[in-house]
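Per-chain numbering from 1; labels A, B, C and D assigned in written order.
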Amino acid sequence: MKLASRTETRKETVIDLDGVKVGGDKPAIMAGPCAVESREQLMETARAVRAAGATILRGGAYKPRTSPYSFQGLGEEGLKLMAEAREETGLKIVTEMMGLEQMEPVMKYTDIIQIGARNMQNYPLLSAIGELDKPVMLKRGMSATIREWLLAAEYIMNAGNHQVILCERGIRTFSEKTRNTLDLSSIPLVKELSHLPVIADPSHGTGMKKLVAPMSKAAIACGADGLIVEVHPNPEEALSDGSQSLRPEEFQELMQELSLIDSSLGGSGEKILPSAI
Amino acid sequence: MKLASRTETRKETVIDLDGVKVGGDKPAIMAGPCAVESREQLMETARAVRAAGATILRGGAYKPRTSPYSFQGLGEEGLKLMAEAREETGLKIVTEMMGLEQMEPVMKYTDIIQIGARNMQNYPLLSAIGELDKPVMLKRGMSATIREWLLAAEYIMNAGNHQVILCERGIRTFSEKTRNTLDLSSIPLVKELSHLPVIADPSHGTGMKKLVAPMSKAAIACGADGLIVEVHPNPEEALSDGSQSLRPEEFQELMQELSLIDSSLGGSGEKILPSAI
Amino acid sequence: MKLASRTETRKETVIDLDGVKVGGDKPAIMAGPCAVESREQLMETARAVRAAGATILRGGAYKPRTSPYSFQGLGEEGLKLMAEAREETGLKIVTEMMGLEQMEPVMKYTDIIQIGARNMQNYPLLSAIGELDKPVMLKRGMSATIREWLLAAEYIMNAGNHQVILCERGIRTFSEKTRNTLDLSSIPLVKELSHLPVIADPSHGTGMKKLVAPMSKAAIACGADGLIVEVHPNPEEALSDGSQSLRPEEFQELMQELSLIDSSLGGSGEKILPSAI
Amino acid sequence: MKLASRTETRKETVIDLDGVKVGGDKPAIMAGPCAVESREQLMETARAVRAAGATILRGGAYKPRTSPYSFQGLGEEGLKLMAEAREETGLKIVTEMMGLEQMEPVMKYTDIIQIGARNMQNYPLLSAIGELDKPVMLKRGMSATIREWLLAAEYIMNAGNHQVILCERGIRTFSEKTRNTLDLSSIPLVKELSHLPVIADPSHGTGMKKLVAPMSKAAIACGADGLIVEVHPNPEEALSDGSQSLRPEEFQELMQELSLIDSSLGGSGEKILPSAI
């Protein structure tokens, strides 16, 4: 590891999207549905998460589903809806790109390209994205070590793109109740070894709605630069991952609690919540 | 699961040791050396952790070491030193009991009996301890599921002893940098399923000194009823687990940060820190 | 590691129970029910496994069950039935000892003391057994590394008892279909590092009846010194582990296949099958 | 799962490459270097593995390396050397394709396309390969469940390509001595659930040369349809994975042992070894 290493670059990397930052003093909150399903679903969610203080909208247009027979996402149609939501709310957007054939539409619409856990070691994809001028959120692979994860970031950086955000999303263990085991120790460990910002995904990391709030608070308390949280207006009708999605009002409550924890940590004194609240 | 289940008992269990509580509004902080090594080492540590706000002193007299050729602990001599430290500082004490042949000395001196991860499914030991009238801290086994852990508590409770504290100490995964993977999601999950208090051990849970403070904060943020932290006056000379022990001054700093987080969570408004600070 | 190490002792350890051997040229086959349930069940099984070529009868009298409300075994009554079966069939017997309070009855009846996976790091138990003059079968802990397993054997040997048989019984992984993941690579690895005999438990190692035969063959093919296989006359009525138990006729078929594989490996030319067949 | 399921198709799938078969009565042996390094290295290896009885030559031209600074393979140059070796020896060839941009050269030269463990859930790649008319060897992901693995095959089959070979290459566990844990129970389990042929990779599955032979024998004994084994004329000078590569003479010895085991299993009576021996 060279470019991703803290020994190489001592200053924290801050990703700046026209003022919306990931890294630095204030936790960045990304929220939205697992998959974009319809204009109504997305708009309602976007407005709600913006009102609660999120600055980035998440939403999947191309979904990597375990079965070929599951809903695979709306594709470019979903990206257009994301852009529409950005237009209205001012939120930045993050969405997954699964392969190079999706590069053109994804590049056209998104602010941050997400590389999913299943593609963390898809080296041709990493190298290709390394040639773009667009921030990348690189999720940790399901059973990736910290070293492998940082070296995956190194592939992107080595190709020229230094705007990398890391995302801990849980590792696979013997756990039978949670979908994954959210490895929060990776947060301070990555910050020790690297200058890149690192956020947590408590939704995929646990797979259980009731654990999202406590693990979000824990992530911020141990130094995460942000969170990516699944929010859906009707979780029980979601086309994917309903059981781990918060309702808008639950998300708002969580944001209030996060704001208090963040203040207690005293890094910036800045609030997570929007000034309107 | 019957007795340990929240369905059975809706009221949170609070262990009360003459006013020193585990469970309830205020996080209980246990701190001290991995192993009792000498009067000086123990006394110095006990005074320091008490001054910083801990209420319970940890220290191993019988050590379950992977190799038969490693330091095995001072035995009863170590227990006597623990009792002496309690006498002077007013701290309660917690120490591990590895087998029934240690029951007499351990019962004579300790306030809380620790059952280590390696003995979590030592059912004759659990049943025997279930017949005692003394609080028990039951560590999660290295690869125990939540269900197996709670059923181990059930063995103790089924034999009559309902004063059980659970302790998450990290699970074994493929992680190569940390000693274990501290599974903080077990904290809110256990609190969902059971009325028993649950604390976290960030020292064994990570095996890395630099991760102890962030993971302690995360544990409190996600609802842990307390922590058990290794503190040693000279970590580099410790006979066991030096690389994961905090120095007294580092522990004091951590306590200040924990106090702020705890206040921000607003449960009790009570401070973790002693009134003297 | 000293006493268990191949560097220390170059000669293979062979456990000899009046001519019934574990270690050496011919695989030793232990078979029988998970738990002793009744005289009929045990006798029928004992006769059948003997006829098929097994030389050692397995059967649990003290069962380490995850829940305190599950069948815990017949206790000393079960041991007496085991002894009765030995009397009639000439099979040697192996049974689990979970704690020192069971030492007297277990020592009175058994030929080999089994230390279960949950007690692999119960060091007081290992040391106490190390003072006995009776072969010990030490199962690998659910998430024990090879080093930890061999050092557990070292605890027994360091206390004086060098008659240790190791038993691979599967490790805990993310696997959702099998009960455990039988780590057969541990067999040649242990034989590289140690002179102790090592056998495999395909029944607990997989938890699926259909996998018992193929994994038994694989274990012998990669050098295991033997097997311990669960056989039950009526698996669907077994009080524990029915889903992984073979019927007597399935076991007999397996023994024929094993005999052919063993011959093809050509170590001894000796047959696994009894001369009667 | 539909197309990959045994419920759907009861007949075993046999891949037939002009008479060289994978699946069916006789184990198919693939062997060769981890990476193609030079004409000499490849030719020497090809001749040796052919003489010993292998029918398919393995060799990586595009290497998915954890670090971007490691040797990445010879690319198309490597593929040409593979084709040259096929020309001379008559061996079929299998090589990894990491992304669609490599499709043209890989399709031009290879007989079987390998999808590596890191790409097992690269769904756009799986779907694209599903549209080709060329056999595919799909390695199991590092922490893929059996279900996920079979559903990855389903992606390929659902796109039209039914010529899929599965390859167990070890899963990631806590094991510290072996590179991965070769999960041989997946072999009979996959054969129970699916009609697709399944082979084992004891080289990556263990990462230790000394374990390759015993685990190869075990794989055949539990029903694997073949093996893929790393062979290198000078393992200590290999540019990748030298520590797990067999020398040609070690490979030859292994083939003789495999032939005996295969005969003892008696499926076909056919020999693994070439008639010349």
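Keep in mind that, in the parts below, a residue touches a chain if its C-beta (ideal position, glycine included) is under 8 Å from a C-beta of that chain, and two chains touch if they have at least 3 such contacts.
All values derive from a computational prediction rather than experimental measurement.
Interface of chain A with chain D: the two copies contact each other largely through the same residue positions, with over half of all numbers used appearing on both sides. By count of C-beta pairs in contact, C-D exceeds the other of the chain pairs B-D and C-D.
Note: centroid distance chain C to chain D, computed from Cα atoms, is 34 Å. Note on chain placement: the centre of chain B and the centre of chain D lie 49 Å apart, centres being C-alpha means.
Among the residues of chain B, those in touch with two or more other chains are 143, 147, 172-174.
By the touch rule above, chain A contacts chain B in their complex via residues 143, 145-147, 171, 173-178, 181-185, 187-189, 192, 205-206, 208, 210-211, 214-215, 217-223, 257, 260-261, 263-266.
Of all residues in chain A, only 172-174 touch chain C in the complex they form.
Those residues of chain D whose C-beta lies close enough to touch chain A in the complex are 1-2, 64-69, 98-102, 118-119, 121-125, 127, 141-143, 147-148, 151, 154-155, 158, 172.
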